[in-house]
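Look at the two complexes coming up: subunit A is in both, with subunit B in one and subunit C in the other.
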Partner chain A sequence: MTDTVNIQPGRSRLRAAFGYEERSAMIFLAPVMLVLMLVAVFPILYSLYLSFFRIKLTRPNRTPFVWLDNYTDLFGNELFWTSVARTVVFSVVSVSAIAVIALLVSLLLNQDFRFRRVLSTIILVPWAIPYVANALMWKWIYDSGYGALNGLLFQLDFISRYMVFLGDQNKTIYLIANAFVWKEVPLATILLLVSLKAIPSDLYAAARVDGATVWSRFVHVTLPAMKPGFLLVMIYETMMAIRHFDLFFILTEGGPGDASHVLSWHIYVETFRNLSFGSGAAMSYVLALVTFALSYIFIRTLGRRV
Partner chain B sequence: MTDTIHKPAVDYRRRQKLARISRNLAILIGALVVAIYVLAPVAWLVSSSFQTEAEIVSVPPHWIPEDPTLRNFEAIFTAGNEEEITYENRSGQDPASGGYIPSTAKNLLPAMWNSTVVATLVVILNLLVGVPAAYALAKIRFMGRDASIYFILMTRVIPDIALVVPFFLVIKNLGMLDSIWSLVLTYLAVTVPFTVFILVQYFEGLPDELDKAARVDGCSRIQALVRVFLPLSLPSLVAVVLFAFLTSWNEFLLALMFTQTSASQTLPIVLAAFTSDFTISFSFINAAGVLAIVPPIIVAVIFERYIVSGLTAGAVKG
Partner chain C sequence: MSRPFNSHMRRRDFLRTSAAAGTMALAAPRLALAQGASDLTMHTWSAAVDTVQSHLNAFTASSGINVNYGNSPWAQYREGMVTKFVGGAPLDMMWVSDAWLPEWVEAGWIAPVDGFKNLTQYNSEAEEFCNDSMTYNGRQYGLTYYTDYMAFLYDEEKVKAAGFDAPPTTWDEVVEQSLVMKEKGISDYPMMLAMAQESWLIEFMSTLVFSHGGRFIDENGMSSMTSEKDGAMEALQWVVDAVSKHGIVSPACVETGELSGLKAFASGNHAFAMVAKYRLRMLNDPEQSQVAGNVQQTLMPKGGNGAHNTVGWMRFHGMSSQAAADPIRAEATAKLIEWFGGKSDGAYKFQKLLFLDIGAGFGVKPLFDDPEIKAAYNAYGDVEVIKAQQSLAMQKDVVTPWFGEWNETNGTAWQSAILGNTDVASAIAKSSDAWDELKEDY
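Entry: the complex of A and B
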């Protein structure tokens, strides 16, 4: 290295800009970049390209280039807007429920008590199991003929006869959100617990000396310190909620009617049942952009720095 | 607050004791509520997987099976050896033999095997690709380091459903539909960014001096990585293996698109097919569900410590 610098000053500039460190880093990073180009960057660009064509697998030989028609068509598509509304309801309900429940559970797990470790192991169970198994489990719990929820409400005398749950337009999206929340709370709890543990105990001691009550300590010390944790939970869970598919596929298939016809389900139906790949690609592109935009907004409003 | 200071010490002490008792009580109740919230649905799934066809349709339900049976699990594990189950003898025409066991029951074990193979391959590829990248990002100061980190971060934000259409067309054109390799390849998109982040986080925590000392002793970068860093980063490697494995084991959407027959169907696909078939007994479906949740739960319980620390590491940067 040093030799080159002395003998050939002209090439050394290039070498310095693209020196030994850069070259070895490139070798180490090459595999990961190659893989991500192949499985992430290329598909997302290819999907943009596809979204400019009218591709119907039912007419494989005629795929006209239609510019932005697949996007502008969305404005007039009523079912698309229904699906957007359903997605918003589902995401808002489940993300706020996740935030509140995870806050309570993480405050609990931050205390010192005998079964803390047992409880923090138990809480990993929903996180670990597959979404399909989660969906199957809740489908059986919500079952209108023999389900556990009906049985429980009946035995506690809340209802006099079994009722329909998932088949009820007004309930179904909240019931699916409940299944989603159950599965997502553990991860959110762990993320919040990290920022709770990072609060220096001096802060509490100082607040106590100043005569702060439990509540004001919580509001003025704990909550502000948890901001980064909340930011992370909001971004991550919102991303997960607006793209969620598995529960809708197994529990309701978008039904009854269009009561749980969310965006991801709409994309699935458009692409794989109507076999319209162009507009499917356009919609999934919209979803990807919304995801990017939302994470950006969260970062700008909730926190200056991630 | 000011009142307590002027009151006699005995009263103060009693209050303190009362506060401690009520605090402990609140924690106990809270812990019980959380444990029930988490475990009750799973317990019900397990309980109903041991119930007979007659018992599972009782109203109100039997919370604990009165006549527990292993028939559902037997059906899954012996499905391959039995006589061919056809449409005629499957749908519960014969109450004596139980019935309601689907002919697709024999697909469960192969699907579990497929899931295991796919997950294992994804784990291996994640390590091969992720470890060197994380080392470079954490320990080499080079131009474009931040850009590379942001790039990897961005790929994590892409929704999997946005990848489905392009993946499908490419894989169809390559003739790789219904092959486990299409799953292995696409699962890399959902696992690799997270792998890199956990490892970068961990490597950054290890002192730079280690790297320098190894280099002074004549190690190449690769030798420094393999001989010095890898042995030290075992906890984060365990976390990476677990995450990649569980993510692949649990993935549904991509598998739904790319698999068609039992040659490549993974466990979630076979399970999902059961749930949409109304002729299948609930107790059988639940037994299949239990089979699907047992391996991940065992993994989660054994490696609880690594999982939490891994999630934590991924969180700080993520």
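Entry: the complex of A and C
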């Protein structure tokens, strides 16, 4: 009896705080939460823990706790800053290009014309190609000995001998950005097209009545209404560009020299080639924080006016 | 309607049976281990898998020892093995690259085999650089699986068309003959060099350095690459000049991997190539090469202080430390290593099989006298030149526990010099500094 009396208030509090449906939801969600804790939350926290150690798999008997040394060492790491600079160039070039091209394509697809559906389907093809296949395709296109691009330019008499593309340090990062843009434009187009379709036709009708030109309607009606779509595109594509790895791995392996040595490649080399898991984890956290910070800036600046 | 479960088994019976089954399941692995105490685990990269498996079957039939065989792709092999070692996965024998030997020894993952006389008895018949490549800190860690070296190949037809009777013997002559070929329109870039950032790069760089009479490090392990005469400067300067001054090597060499370079040479784009010797077979195969029948091997051209030296590399059968810790397993593993790396049934069967199957080079000298091997070699090359060049092969001097990390910096520095981002002296100095820093760190 005494036990029952002791338990009752706790039960009542639980019942008072959560209704039957909430309690049921908790029970049903518990297994999924447990799995998520094991496969997502635990590895994230564990990698943070590892970043405080000097862990190198090939030196299993020497793993000192170094506090924040793995983070502070980055400030003096010349190659790390080179990779940051390369990442910034790649991200700015590719995200800008994606935004502009996707805008133009979405405006085109928003018009009524013959074969619009066919064109929409064709435009989606790059999106359906896996990243690795995309990278291998561009490797063939850019090859200096037998590449399709060289073949085309040579056949059209634009060049007298085959050119070096990926081996030219001044072109490499832009050529990789081009391959990235080709793959990402379809998704960005869809996101922008959704925004376009959501604009009420009344707004355009009213603008016409007021004597607005095509350009005025675009600047004062279309663009402001597309801001939510742009916000989404900018955040998503910036995150994708900063973290992108596949194209660098397959096309250049960070080369030639350090011309395409971006942050994601630097982390890969440090973690999986040098097998330095401590410093690799620290770099990954820096990358994650930068990505979060950029997303926050986008939301604060673009999102405020949406 | 009665349910079959209830008709045959009551709840108590079910619980009793389940408990028994659980106990059996828990005990089974231990029982299996006790029964198969002599079972070994062997892991290799995915090469000649069928040949390995059939040779393994013969081993089991001969010794009664069962072997669990696994393999994984070369590209992920090192990382996969490190994970296995760190995770304590069962492993007795594995294939090891000379490039990883110091790293794996220092980590305590592989054990010396020089305590087994049945293994060391083959040392006298192995090439010197092979024995050197399996030795670290005075201890031997395995028996040869496959060895090869970097060869200098030329297209005989193009050399003759350029008006030369013989292939070049020095790097200056390579420039001289290449310039004539360019002038006569025989080839835009007569010399094929594959200098992309990949695992082959160190082999190409070592060949250039050794053939110029240089070294990356001295006897004390300190960097000597900045030395004008016997360092790496002369070799890198030759490459930089070949690309930017003479235009005999394509500027695209920094994006050309070994396989792409090989294909370009096979399609007749070049007159000279530096490739692994085992590629000679493919290059003289009409089904795979447009220059088949014209490709010849000559000794590696030499630089100012050089003597036709080249780099040789080794892959060998090693024993894990966990196998070495148990005398019975160690004995069985040594037998397995001998079966593959030494003689089985009185002959170097496995190395011969590998050579005949995929053209892989062997590290034991007596096989050069085998009539079948001589005939196979002479079908696409000159066995005497092959043998002479092998005797001039040298072990990579940079193989240390920090080799992998230094290799990244070194490759980038060389590429930067080739691209003209930096001068040769600065590139070599950067690589040299990285070496000294890593050496101190380790």
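A few points about this structure:
The definition used in the following text is that the second predicted complex is superposed on the first by the 287 of 306 C-alpha atoms of A that agree within 3 Å, B and C clash if a C-alpha of one lies under 4 Å from a C-alpha of the other, contacts with A are read in each partner's own complex, and residues count from 1 in each chain.
As a convention for this text, a contact is a pair of C-beta atoms (placed from the backbone, for glycine too) under 8 Å apart; a residue touches a chain by one contact, two chains touch by 3 or more.
Just so it is clear, the model here is predicted, and its values are computed rather than measured.
Of the two partner chains placed by the overlay, only subunit B lies in contact with A:Pro31; subunit C stays clear of it. Contacts of A:Pro256 after superposition on the shared chain: subunit C is touched, whereas subunit B is not.
In the superposition on chain A, A:Val93 makes contact with neither subunit B nor subunit C. Look at A:Gly167: by the touch rule set out above, it reaches subunit C but stays clear of subunit B. Of the two partner chains placed by superposition, subunit B and subunit C are both touched by A:Phe272. Within the superposed three-chain model, A:Thr58 lies in touch with subunit C and out of touch with subunit B [touch as defined at top]. Of the two partners subunit B and subunit C, more subunit A residues are in touch with B. Of the two partner chains, subunit B is the only one touched by A:Leu191; subunit C is not.
Contact with both subunit B and subunit C is seen for A:Asp143 once the two complexes are overlaid on the shared chain. Residue overlap on subunit A between its contacts with subunit B in one complex and with subunit C in the other: 143, 145, 272. Looking at the complex, you find that subunit C touches subunit A at residues 79, 82-83, 85-86, 103-104, 106-108, 188, 196-198, 250-256, 260, 263-264, 269, 401, 404-405, 408, 411-412, 415-416, 418-419, 421. Those residues of subunit A lying in contact with subunit C across their complex are 57-61, 143-145, 161, 164, 166-169, 252-259, 261, 269, 272-275.
By the touch rule above, subunit A contacts subunit B in their complex via residues 17-18, 21-22, 24-25, 27-29, 31-33, 35-36, 38-44, 46-47, 50, 104-105, 108, 111, 113, 115, 119-133, 135-141, 143, 145-148, 151, 154-155, 162, 182, 186-187, 190-191, 194, 211, 213, 229, 232, 236, 239, 242-243, 245-246, 249-250, 264, 267-268, 271-272, 277, 280-281, 284-285, 287-288, 291-292, 295, 306.
Those residues of subunit B lying in contact with subunit A across their complex are 1, 24, 27-28, 30-31, 34-35, 37-39, 41-42, 44-45, 48, 56-61, 63, 125, 128-130, 132-133, 135-137, 140-145, 148, 151-152, 155, 157-170, 185-186, 188-189, 192-193, 196, 221, 246, 249-250, 252-253, 256-257, 267-268, 271-272, 274-276, 282, 285-286, 288-289, 292-293, 296-297, 299-301, 304, 307-308, 311-312, 315-318.
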